[in-house]
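Notes follow the structure.
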Amino acid sequence: MKTLTHVSRVASLANRLAIGPAFIAGVALFFMMVLTFIDVISRSVFSAPLSYSAELTEMAMAVIVFAALPMATLKGNHIVVDLFDGFFSTRGAFLRDFLVDLICIVALAFPAYRVWTIGTRSKSYNEVTEILNIPQYYLIYFVSIALFFCCGIYFLQIITRFAKSPKTEEAL
Amino acid sequence: QETTLTISSWAPPTHGVNAKMWPDLISRIEKATEGRVTAEIKYNLAPPPAQADIISDGVADIAWVVHNYTAGRFPSATMAELPGFGGDTEAFSVAYWRTFEKFFQQANEHRDLKVLALYSHGDGMLHSSTKVETLDQIAGMKLRIGGGVAGKVGEALGASSINVPAPRVYETLDSNAADGVLMPMESKLGFRLTEVAEHSYAMPSGFYRTSIATVMNQDKFDSLSKADQAALDELFGEELSRIAGALWDEFDAEALAALDGAGNTLTMATEADQAIWADKSKVIIDEVIADISEKGIDAAAAYEFFQAEFKRLNAEK
Amino acid sequence: MLISVIGFFMVLALSFLRIPIAFSMGIVGFFGTAYMINLKASLSLTGRLIIDTSQDYGLSVVPLFILMGLFVNKGGLSRELYRAAYVFLGHMRGGLAMTTITACAGFSAICGSSLATAATMSKVAMPEMRRMGYADSLSTASIAAGGTLGILIPPSVILVIYGLLTGTSIGKLFIAGIIPGLIGVLFYLLAVQYTVRTKPETGPAGERSTWADRLTALRDIWMVLALFFVVIGGLYGAFDFYPIHLTFSPTEAAGMGAAGAFLIALARRALNLASINEALLETAVTSAGLFAVLIGAWMFSNFVNLAGLPEALRAFVLSVGASPMTVMLVIIAIYIVLGCVFESLSMLLLTVPIFFPLVTSLGFDPVWFGIIVVVVTEISLITPPVGLNVFVLKGVVPDVSTATIFKGVTPFWIADIFRLILLLTFSGLVLFLPNMM
């Protein structure tokens, strides 16, 4: 029983890791919707378009996608092909899922680190957005951090899996 | 042995850059190196703003970089976008290169990149669906305006600005979300503006330009044989800038020739409006020179030299 | 060409091991690019793609069109759409299945995704059809098939992505989807009729509604219809007159649609903070998944691009000397085969960059090809073994076996094949409306 509480503790940690950023994503999405609405009305009716709306939309997009990515990871929202699931035994499936999580961590960690260094470089180049002159590296660092969050989710998933592994269940 | 360089490009394959500029460069590289070095074009490896990065990281070897797509990174390039450079793009590009060598190069803005050529698109002008004949008509129009100096120009003209990426220009105009667009003459064909913005309004002294560079990965260049490097350095620099500038003149000329057939018009600003614009643009020029001066470049001297070279070369044409 | 083909099978192999498809494509793309250039360059390119793809202005359409559908659903309008279709069709044999198809088409007009259309309508239609004694095979199949219309009848996320990939006008693609979408509805209705005529017990007739009922039901859905006409009409430039001058680009149409749906749901007092939050989160999470696939697919297509596949393919076709129509038929056959095993968006992203240059160089219209691609993608959603719409249904009604759904859906994808032949033969059906723009 003790392992199970650990499991739920790890699971709730993963949940907390995902829910905060997901909330930010939702706010950014709502903001994008309102921004577009105001821009269209302001342009059509008052002939006064917002020059920065496209730029803010682009930034909001990146925030939506990456802030929601940890939650997408957690919910297993990634599209998978489960065609051959029948071919794996319980233990085989366990090993397979462990390897898949591990591969995903590696496949995320390297780009996450690379994105961070691109952010640092962008900072040294003084790159800013065209209209509002917002430094580019804020958003780039944000993307990198979000990717590391996803690595964290996969890591917690591995821990949960081991805690719930067939072996542990036998021991109980 | 033979080396094949990879050119990273974007914009449709029919665009002048892809249909003419790159094939021309490839054949010149082959000729200079007696066939030891050649190149091939790869499209859309990364979006336009990422081009400088993917060349410095060695993803591809050569690319064209629009400086204002990465605002803040190439401050000196904004000088080449200023009003007052109306005229021949070939002359402009040669003057630009000479100014770069004398004033900008030491600021090392193109880190890890070998600059092969500097040029710009032709004179930026207004293309709109309603006919514009005077400068004050532009005030209050909704215009699609790109980044860089063009934004300041739009502001000075009193237009309200819509900022959509270039490939979305056609549908923005088609749906009447914008009344017009600031772009060079060449775009009349490149973005099918003949169909959605039938009237053009140009300023002989120039509204603005957009600074562009052809760049190469420095390590890749260094990996070529000494003989090939020497041969290519004959081509790169002022000579390639001249060639690129002349090509953009050609692109503009083609579009200009197509106007009549499409029932489009071109109006030149009157003397009076040119004088008004000279006053308005003075503000922009002073502002940009002050900005560039902060980066440790003698911007005032550079601008004077740039203008003098351009005026001299332009007059010779 | 060989290395690209190997890469392609590597993607298949990895995804069969249950590695998410975004990662399968990304990993193969990453190592493929590293093989073509070097590891450092490949890593840099990956970093840039991650940063830049998510900031694409055109792609902001995707979450907004998903959000629009969700708000409409939260406003209770999906139920009323169903009701409106029922009062007109319910009394016929198989009438409830026909109601489902029609309501799916109606919901497609405000929802950009096929999966969302199937998921939404299954919650509304499935209980009704069960109550009326419809066979599970027909009920589930009509929802799964009707749901596919979501990506053909505008708005459509898939058409947006096709437009962005190929530089084709999204407005024209949307308009071009209308007639093939209506043909799709008609053919699906015929498929229902075929099913209930061969097996009458699968779909009993219901009661005939009075004209009073019909008018009431129509009055309930006018807001949905109005929303569709504002969004699509704005794209078409229908409201560009004094003093409103209301015109939208596709991105703006999506934003206006989402905002409009939000206001409608708000006006009907169907929203509270919790349900708004829920709709926003669901949209963001779905979008994040889609973008992960987009980034992975872009990495893969960069690799086959670097490996010279598009050029090799064109050279191959030219050397064989096949006629354009033969090439088109081969491409469609490839799509249908891939569609059996591939998830729809990844299929599109993998293939369009390869086939599009070839197809246009052979003289086919980009808008027409876009619609053809979407129709074959629709087919892929309901063909075994990987038919995502079928899986959506399976999720909603776990007690029905996947095999039953696939069996029931057979007449529907055969109807799709007929529609495909029709559109191949008469390209005017696709191009008539956009050419009027």
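In this document, chain identifiers A, B and C correspond to the written order of the chains, with residue numbering beginning at 1 in each.
Convention: a residue touches a chain if its C-beta (ideal position, glycine included) is under 8 Å from a C-beta of that chain, and two chains touch if they have at least 3 such contacts.
Note that the coordinates shown come from a computational prediction; the quantities given were computed from them, not determined experimentally.
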Discussion item. Building nodes from the protein chains and edges from chain pairs that touch, which of line, ring, star, complete or other describes the result?
Written reply: complete
Worksheet item: For chain A, which other chain has the most distant CA centre?
Response: B
Item to complete: Could you put a whole-Å number on the gap between the CA centroids of chain A and chain B?
Response: 38
Worksheet item: When the C-alpha atoms of chain A and chain C are each averaged to a single point, how far apart are the two points in Å?
Response: 24
Fill in: Rounded Å distance between chain B and chain C, as computed from the means of their C-alpha atoms
40
Response to the item:
Multi-chain contacts in chain A, i.e. residues touching at least two other chains, fall at 47, 54, 118
Worksheet item: Which residue numbers or ranges of chain B touch two or more of the other chains?
Response: 53, 164-165, 177
Worksheet, complete the sentence: Listed in rising order, chain C residues that touch 2 or more other chains are 44, 48, 51, 56-57, 245, 247-248, 252
Worksheet item: Mind pulling up the chain C residues that touch chain B in the complex?
Response: 33, 37-38, 40-42, 44-45, 48-49, 51-52, 56-58, 167, 169-171, 234-235, 237, 240, 245, 247-250, 252, 302, 305-306, 437
Response to the item:
Touching chain C in the complex, chain B uses residues 6, 12, 42-47, 49-50, 53-54, 57-59, 164-165, 167-168, 170-172, 174-177
Practice prompt. Write out the stretch or stretches of chain A touching chain B in their complex.
Written response: 43, 47-49, 51-55, 118, 121, 125-131, 133, 136
Response to the item:
Residue set of chain C touching chain A in the complex reads 15-23, 26-27, 30, 43-44, 46-48, 50-51, 54-57, 59-60, 63-64, 67, 243-248, 251-252, 254-256, 258-259, 262, 276-277, 280-281, 283-289, 291-293, 341, 343, 345-346, 385-386
Response to the item:
Given the complex, residues on chain A that touch chain C span 22-23, 25-30, 32-37, 39-40, 44-45, 47, 54, 57-62, 64-69, 71-72, 75, 77-85, 96-97, 99-100, 103-104, 107, 110-111, 114-115, 117-118, 139-140, 143, 147
